[in-house]
Structure formats: C-alpha cells, structure tokens
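These notes are about the structure you will find just below.
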Amino acid sequence: MALSENFRKKLHTIIYEADTPAGKFFDLSLIVIIFISVAAVMLESVASIKIKYGYELGIAEWIITVFFTLEYIARTVAVKRPWRYIFSFYGVVDLLATLPKYIGLLFPGTGFFIAIRAIRLLRIFRILKPTHFVGASDQLLAALKKSRVKIAVFLFSVIVLCVILGTLMYMIEGPASGFTSIPTSIYWTIVTLTTVGFGDITPATPFGQFVSMLIMILGYGIIAVPTGLVTAQFINEKTPVNTQVCHNCNAQNHRDDAKFCYNCGYKLN
Amino acid sequence: MALSENFRKKLHTIIYEADTPAGKFFDLSLIVIIFISVAAVMLESVASIKIKYGYELGIAEWIITVFFTLEYIARTVAVKRPWRYIFSFYGVVDLLATLPKYIGLLFPGTGFFIAIRAIRLLRIFRILKPTHFVGASDQLLAALKKSRVKIAVFLFSVIVLCVILGTLMYMIEGPASGFTSIPTSIYWTIVTLTTVGFGDITPATPFGQFVSMLIMILGYGIIAVPTGLVTAQFINEKTPVNTQVCHNCNAQNHRDDAKFCYNCGYKLN
Amino acid sequence: MALSENFRKKLHTIIYEADTPAGKFFDLSLIVIIFISVAAVMLESVASIKIKYGYELGIAEWIITVFFTLEYIARTVAVKRPWRYIFSFYGVVDLLATLPKYIGLLFPGTGFFIAIRAIRLLRIFRILKPTHFVGASDQLLAALKKSRVKIAVFLFSVIVLCVILGTLMYMIEGPASGFTSIPTSIYWTIVTLTTVGFGDITPATPFGQFVSMLIMILGYGIIAVPTGLVTAQFINEKTPVNTQVCHNCNAQNHRDDAKFCYNCGYKLN
Amino acid sequence: MALSENFRKKLHTIIYEADTPAGKFFDLSLIVIIFISVAAVMLESVASIKIKYGYELGIAEWIITVFFTLEYIARTVAVKRPWRYIFSFYGVVDLLATLPKYIGLLFPGTGFFIAIRAIRLLRIFRILKPTHFVGASDQLLAALKKSRVKIAVFLFSVIVLCVILGTLMYMIEGPASGFTSIPTSIYWTIVTLTTVGFGDITPATPFGQFVSMLIMILGYGIIAVPTGLVTAQFINEKTPVNTQVCHNCNAQNHRDDAKFCYNCGYKLN
C-alpha cells in the first residue's frame, strides 16, 4: 500500500482501539449508525411508512452504505494483514452489510438482502469488550460450550422423537385436521413439544388429542433437561476457586482446608 | 408550615410507622382502599357493569380520590423534608394516582389514566415490610440483582438474535403470510422464541416452517440460560459463609453454631 | 354405637390398614372403583356416548354411588372418633362424592357436581402410602413447603405486575383489538406472561405489539425465579447426611471429616 | 445354519462391530440409508411431491426395503443366538421397518405403517456408541433414571390435577365455549397447564377466564418441579465421589488425582 506507516498506525488506533478520545468517538458513532441503519431497514419494510418517507429513508440508507463502505476500506487498510480481517466473521458481515445495496443497483429487487446488516448489531459486543459485560458473556459462552455435547445429544434425541411422533400424528389425524403431510406434522409436533402452541394446526380426533396430551406432558418434562444441564454447568463454574499454589510442584486447585500438597506432599504455607 | 411540631410527629407516627394501633389501622385501611380503588377502575372498564353501576362507581371513585388526596397532603405535611417524599418513587406514584381524576374534569377522556393507581398496589410490599415476607423478597431481589449483568447480556443477545431472525423470516415469508413488515416479523419471532405462540401470525411456506422449527428448538434451549443463571445465584446465596478459623489448627468452614473445632477439638472463640 | 367392639376393629383393619389380604383387596378394589367412577362421569359428558350408553352409565353410576355410600358409612363406623374422619379433608371429599347424586334426585340438573368425585383420585396417594412413592412425594412436598413464602412473594409480585401491565395494555389497545375490559386485559397479560399464548386476543397496534414483546421477554426471564427457588431447595434437601452422633452431647450433622464434636469438643469415634 | 462358522464371524465383525474399515463403511451406509428412507417416507406424504415424483419414490422405497430385509436376515444369521436379536428392541423395530411394505402388497392402504421405520433413527445412537457422545447420553439417561420415581409421582399428581381442573372447567364453561365434554376439557387443561396454549378452545365466561388464570399461574409454578428434580440430579451426579481414605490421619474427600494426603502430607496408596 502507498499509505505511510504512520497513517496506518493512527487509523488502527482509531478503528480497532478504544483508549484514545478519537477511538471512543469512532466506536460510539459506529454503534449509533448501526442502530440507525437497522432502524431504517425496519421502517422501510412498513408499507405505510415507505409511502410517506420512502425518499428520505432511501437517502439515509445510501449515506449509511457509503459510510459503511468507507469504514470497510479503512478497516482493510488499517491492519497489516488485510486478508485476515476480510475472511474473519466480522469482515464477511461488514462486506455483506454494504455489497447488497450496490448489487441492488444492477439487479433491482435484491435490495432487501441489506437486512443482513442486522447481523452487524453483534459488533456491539465487540465494541463493549473492555467493559465488564465481557466477563459475563464469556462465562455464559463457556458454560454453554462445556455442555455443548450433552446439548447436541439432547437436541438430536428431541428431533428423532419429533420425527417419530410427527409421523404417528400424521397417521392418526391425517390431512382432514390440517396434518397435510409428515413434514407439516413434524412441524406441529415441534410447535407442541416446545410448548409454543400456535394453534394453526390442532388435533380434532379424540385419539389425536390423547396423543397430543402425552406429547405436551413429555415436552413439559424434557424442558427440564437443557435447563438442568446449563444450570449444573453454571454452578460447577462457580465452585470456589482456591488460589493456593504448591511452592514445590506448582500444583493448583487444592482443597480450601488443605495443609499439604495433594501432588507432592509438600507443606503448604 | 403553620402546623405544630407535635401534630406533625403524631401524623408521622400514624402514616409512616406501624407500631401503634392507629398506625396499624391506617396501614390496613390503606391496603383495603387501594384494593377497592383498583377493583373500581377494573369494574368501570367492563361495559355491562358500567351501564348498570356507572353512577355508583363514579361516586366511589371520587370518594377514593379525595381520600388519596388527603393522604397525599398528610404524607407531605408529616415529613420534615417534604420534597424528598414528593420526588421519591412512591411520592410520584401517589400523586399520579390522584391527579388524572382532577385533570379529567377539565379535559374529559383522559380519565382512564386513573389506572396508574394500579401501581399503588406496590405499596403493599412497603406496608408488609415488618413481616417475614421482606426477608424472602429481599433474597429474591438480591439474587436477581447479582445476576443482572448476565441477564442483561443474555437479553440483549436474545433481542439481537430476534432482530436477525425476524428480518430473515420477513424475507422468507413476506406479507402474504402475515409477516407484513420487519417489526411485525420481529414481534412474531419473539412470540415464537419465548414459546408464547399466539398463532395470530404463522409461517405458511415449507421453508418458513423449517426455520420456525429451528427458532422454536433454539428458544427451548436458551430458556435454560436465565433459569441456570438465577438458580446458580440462589444456590450460591445459600452456601454458608463462615469466616471462623480455628486458632489452634487453622481449620475453616465450621458450622455456624460450632463451639469447638471439628479438626482438633480446640475451643473456638 | 351398637356395634360390637370386635366388629369395629375388624372393619378398621380392612378399611384403614393394608397388612391383611382383606385390607389389600379392599384398597385395590377402591382404586379400581374410583377409576371406573371417574371414567363413567367422563364418558357420560361425551354427547355421542351418552346417547348410546346413557342408560348403562346411569346404572353404573348408581351402583358406584351406593358402594361409596356404604364405604362412607363403614369408614365412619370403623373409627372410634367418627367426627374426626367426617371433618377431615378425605372425609369431606368422600361425602361430596356421594351426596350430589342423591340431591340430584330432588333437584335435577345438579347431577354434574358428581364430578367432585374426581378429587377422590387423590386417595390413591393415601392407599399407596406404604410404597416408596411416599418418600418421593414427601420430599417434593417438603421442598415446595420450604420455599412457599418465597413462592408466595413471587406470585403476588407477578399478579401485581399483571394488573399494572393489563391496565396499560387496555389503555393502549382498547376494545377494538379484543381488550374489552381491564379484567380481560389482565387475563391476556397472564396468558402472555406465562407463555401460554392462546391467541384468542392479540395486540393489533404497533405500540401494543411492542409492549407485548417486553411482556414476553419479561415472562421468559421471570420463569427462572420459581425454577431457581425450587431447584435450590431440592439441592439443599440433598446435602450429604452425616449420621455421626457425638457420644458426649448427642450433637448431629457433623462435617464428614470432623474429628471432634463442634458442640462440646469431644473426640468423635 | 448351513453357514460356515468363518463366514458368520466375518459377517458379525462387519455388522456388529466398527473396528474394521468394512464395519465402519457398513455403519455409515446404514445411517445414510436410514436417513434416505425416512426422507422418502416424508416426501411421499407431501401431496404435490407424490404427484410429481411418486414413481421414483416408490422405486426408492422398494430398494430400501429390500436392503433392510437383507440387513435383517444378515443380522439374524450373524449372531449365535438369533432369537435374542429377533426379540430385542432393535430386532422388533428392524422387522417392523420392512414387514409393512410386504403386507401392503396384500392389503393396500396399510403402506403408511412403513413410517415405523422412523424409529430406526434411534439406531444412530447405537452406531455412534464408540464416540464420546455415549458418555453424555449415558449421563443424561442415568440422571433421568435416578429421578424417575419422583418424576412419576409428579406426573401422576399433574394428571390427577388436570382431571379435577378439567372437570371443573367443563362445569363452568360448558359446550357453548368449546368445552364439549370432560375429556375435551381435560385436553384443554393440559394444553393450558403445560403453557402450550393452542387457542383452539378458550374460556369465554369471566369466571372461566378467572379459573384459567389460576391454572396458568399454577402451570408456571409447577414447571419448576421437574426442572428442579433433574437439575438437582445432574448436580449430584457431578459431585466427585472419592472413596480414598488417608491411612495416617483418616482424612477423606481427596482429589481424584491426589497422591498425598491434603491434611497430613502422608503418601496415599
């Protein structure tokens, strides 16, 4: 790049760091503009608003798109290895937040893919990083990650169960009650098992209602499983952290009342 | 104020304290009248009752309004620093519980703002303070407060997720199935993710139903998070924290009522 | 009573005890008959079945009623202090399970109060008492009882919240969207907050939908509270039970690794 | 059997074991074919797809049926005691996954019982056995099994409660609001108590709505019970059970990897 190294460093400080007033101002502006851009997309989708303020919203969206484009270029320029940013999760999202608007110029009707920029809202978590919010969200993610195998087993079992029960309900109720096909019937089963219960499809035969009752009570029961898993994880996360370290072998995680190292038998201070 | 200091003190004892028979009678009357006032507002909103008993309810409401006004004046007079009460949460609620009725005289049609007095029901918690209910509610609030950062992170993530998923569903289903705009679509997503499932809007296309299933299973899974957070907090609240240390052998974690060290039998101080 | 003491004792053994073959047979028959009686009441309520088998069901119900009456008389006779049984919970339920049928003879149309006999199903818990089911149900009840003050505070707070939010929704939506009165609006709020979501009433205005979203997310969050309370209780119930008793002062609940009594400092064996 | 023992052993290795490349290939193929078979049954139930691709799907299903039949025969042949497999859960499911197709040839219209093969999806758990998924699912099952008596007591209580409340709602609302019979009314009660809330039947009278509110709040409260049970079980599962006792000072509850006593520093055996 033809940019002076000095300028690149300055840009990096503003965009990627938040310690300087300029960096803080940039982060804050970005959050505000992301919010405005999401609000603009939302409002434009409301027919009555589009009729009234369609022109103004259109201009606002173009201003935001240009800003996002400049931001994207700046981000690419400000880092030493631009490809790393470009192919990162946030890099792809940032690109997808601007590109559809330009493509929409060439191929009208695809403009609504701009809605992808709602994903940019996630950047807020990044920007807020230095605050104590991160500790909490990290703990949340850690607890979820640790129980992810169990959650996967649980979810797969639930899906198999829904396929079996959905097929059963299709055989019992049939198209007459709205169970028009097995996929629709599985959709109904998931709606019921998760206790959502839209009511767009409901069993009409006594036997179908009987099986529904069993499904509902089952759903009521198995909601306990993910809750139990995550709760147990949260509690285990919180088990007292003993900071004592053995001076002889550096073993950690001693009992609170340990007098000797469990690993080498050395007396703890 | 021209009121004698003696009278002010007496009034304070009756209104703000509950140790004397007069104070107890005042508190009890207030609870009863608040309940009656809420019931009257409720009943007046029922068309058939308003036709029959509208006149009587109207009189009852005026009596209650006058009582609440007198109570408000008394509360202001009874404390040394009236502004502190006036600008407190309960002071504002107390004022808002009477004012709309008078304003309704000048500007008809605003009378239903009287419904604000439902908030006065919260005063019951205040009045019941000396009972053992407070211990329980304090513990509840303490546990919720301690996990409030995590709950905030969780709720913000859920809302961002709902914006993204709502926009997606708007793009999939569109106005034909009732997803008339992105805000409406987000409303549907929250209705679905929280397992409420009104059924006023439901996906009609197979792909929309497929994405709905994922949203429902997701909602089923993430309901575990706030539950896990609060439960972990409740349990941590309850783990006995005993700071006593044996002076002879340094053993910790004694029972709260321990008189002797469980480890060496030495008398604890 | 003119009954010989011997006969009374025998009757008591059969009805109230389950150690003899006759007692076991009585208990089993009673469970079966209660189930049949509940099934008969259920079936009679189904119009198509009543038309076909109304006569047979009527006879069956009379036979059961006579049996229940004889059982009631026998229970009264078999105990030394009959009033104690008569005014006990089960005594009142047993009477209410027979009486409506006789009253129905005099005042037709009240016959369906016979449905009260569904409550007799609870007797199954009594009859199964000697089995290991009781340990489990006792533990369940104990855990619920211990957190009952907190649950009461929680429920009262939820109800106050529903009154306030219901009134608010009535002011926002009004009768046009089905929020015909404040009580109806509170009904809707509870339907929404508990994530039931019937969909018989749904918000139509954008602002109403916005407030609904907040209510739903709130409901999603506060469902964690009762769960957390009961879970914490269950876990505390289960804390290791140490059976060691001090030989000097009989103190119990020592730490698992206690060497000396926490109460008197006496060496534990 | 006339099969050579050598061939039987080889077959057993392929079908029942997963250590050889052939065994792994067999397992993988089986999973893929089960998925295809379930997908085919699902797709055939969609009217529009059946019209278009009915012929192709029919052929695919016959190929799968023949494969499943061969697999069934191979499984019977490969084990020494075939009856043990035939009467095992998976043996019965495997048979039921093929038989209906043949019976459908003789008696048309029963073809959809082929849907039973959705149950074959459960075999995936078997096939994945050697992976770390099993540890997780075993733990899940163990926790559920240990709390099964309590869950049974809880479910039975909920059902009794639903019978009583359903009968009550039938008496309050009656056929006019859709509560056409007591069984229907019990169906509604379960729909409400489990917070599913279809909305196909909703209370219309003020008193019915009032009782509904109580049922909903009750449902909101008692959902805590299964969650609490399972969570408590999960947490208890995880508390380290270490039976090691120090030979020098009798200290217990050592870390699983402890080599020396935490209390006296004595080497553990």
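Order as written gives the chain letters A, B, C and D; numbering starts at 1 within each chain.
Everything below uses one rule, namely that a contact is a pair of C-beta atoms (placed from the backbone, for glycine too) under 8 Å apart; a residue touches a chain by one contact, two chains touch by 3 or more.
Every value quoted in this text rests on a predicted model; they were computed, and no experiment measured them.
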{"item": "Proportion of interface numbers common to chain B and chain C (over half same, under half different)", "value": "different"}
{"item": "Farthest chain (mean CA position) relative to chain A", "value": "C"}
{"item": "Centroid spacing, where centroids are CA-atom means, of chain A and chain C in whole angstrom", "value": "41"}
{"item": "Geometric centre distance via CA averages, chain B-chain A, whole Å", "value": "29"}
{"item": "Multi-partner residues of chain B (each touching 2 or more other chains)", "value": "183, 186, 195-199, 223, 227, 229, 231, 235, 253, 263"}
{"item": "Contacting residues of chain B [partner chain C, same complex]", "value": "38, 41-42, 45-47, 112-113, 115, 118-119, 121-122, 124-125, 132-133, 136-137, 139-140, 143-144, 151, 155, 158-159, 183-184, 186-187, 190-191, 193-200, 223, 226-227, 229-231, 233-235, 237-238, 253-255, 257-267"}
{"item": "In the complex, chain B residues that touch chain A", "value": "149-150, 152-154, 156-157, 160, 163-164, 167-168, 170-171, 175, 180-183, 185-186, 192, 195-199, 202, 206, 209-210, 212-213, 216-217, 219-221, 223-225, 227-229, 231-232, 235-236, 250-253, 263"}
{"item": "Residue numbers on chain C that touch chain A, as the complex places them", "value": "195-199, 227, 231"}
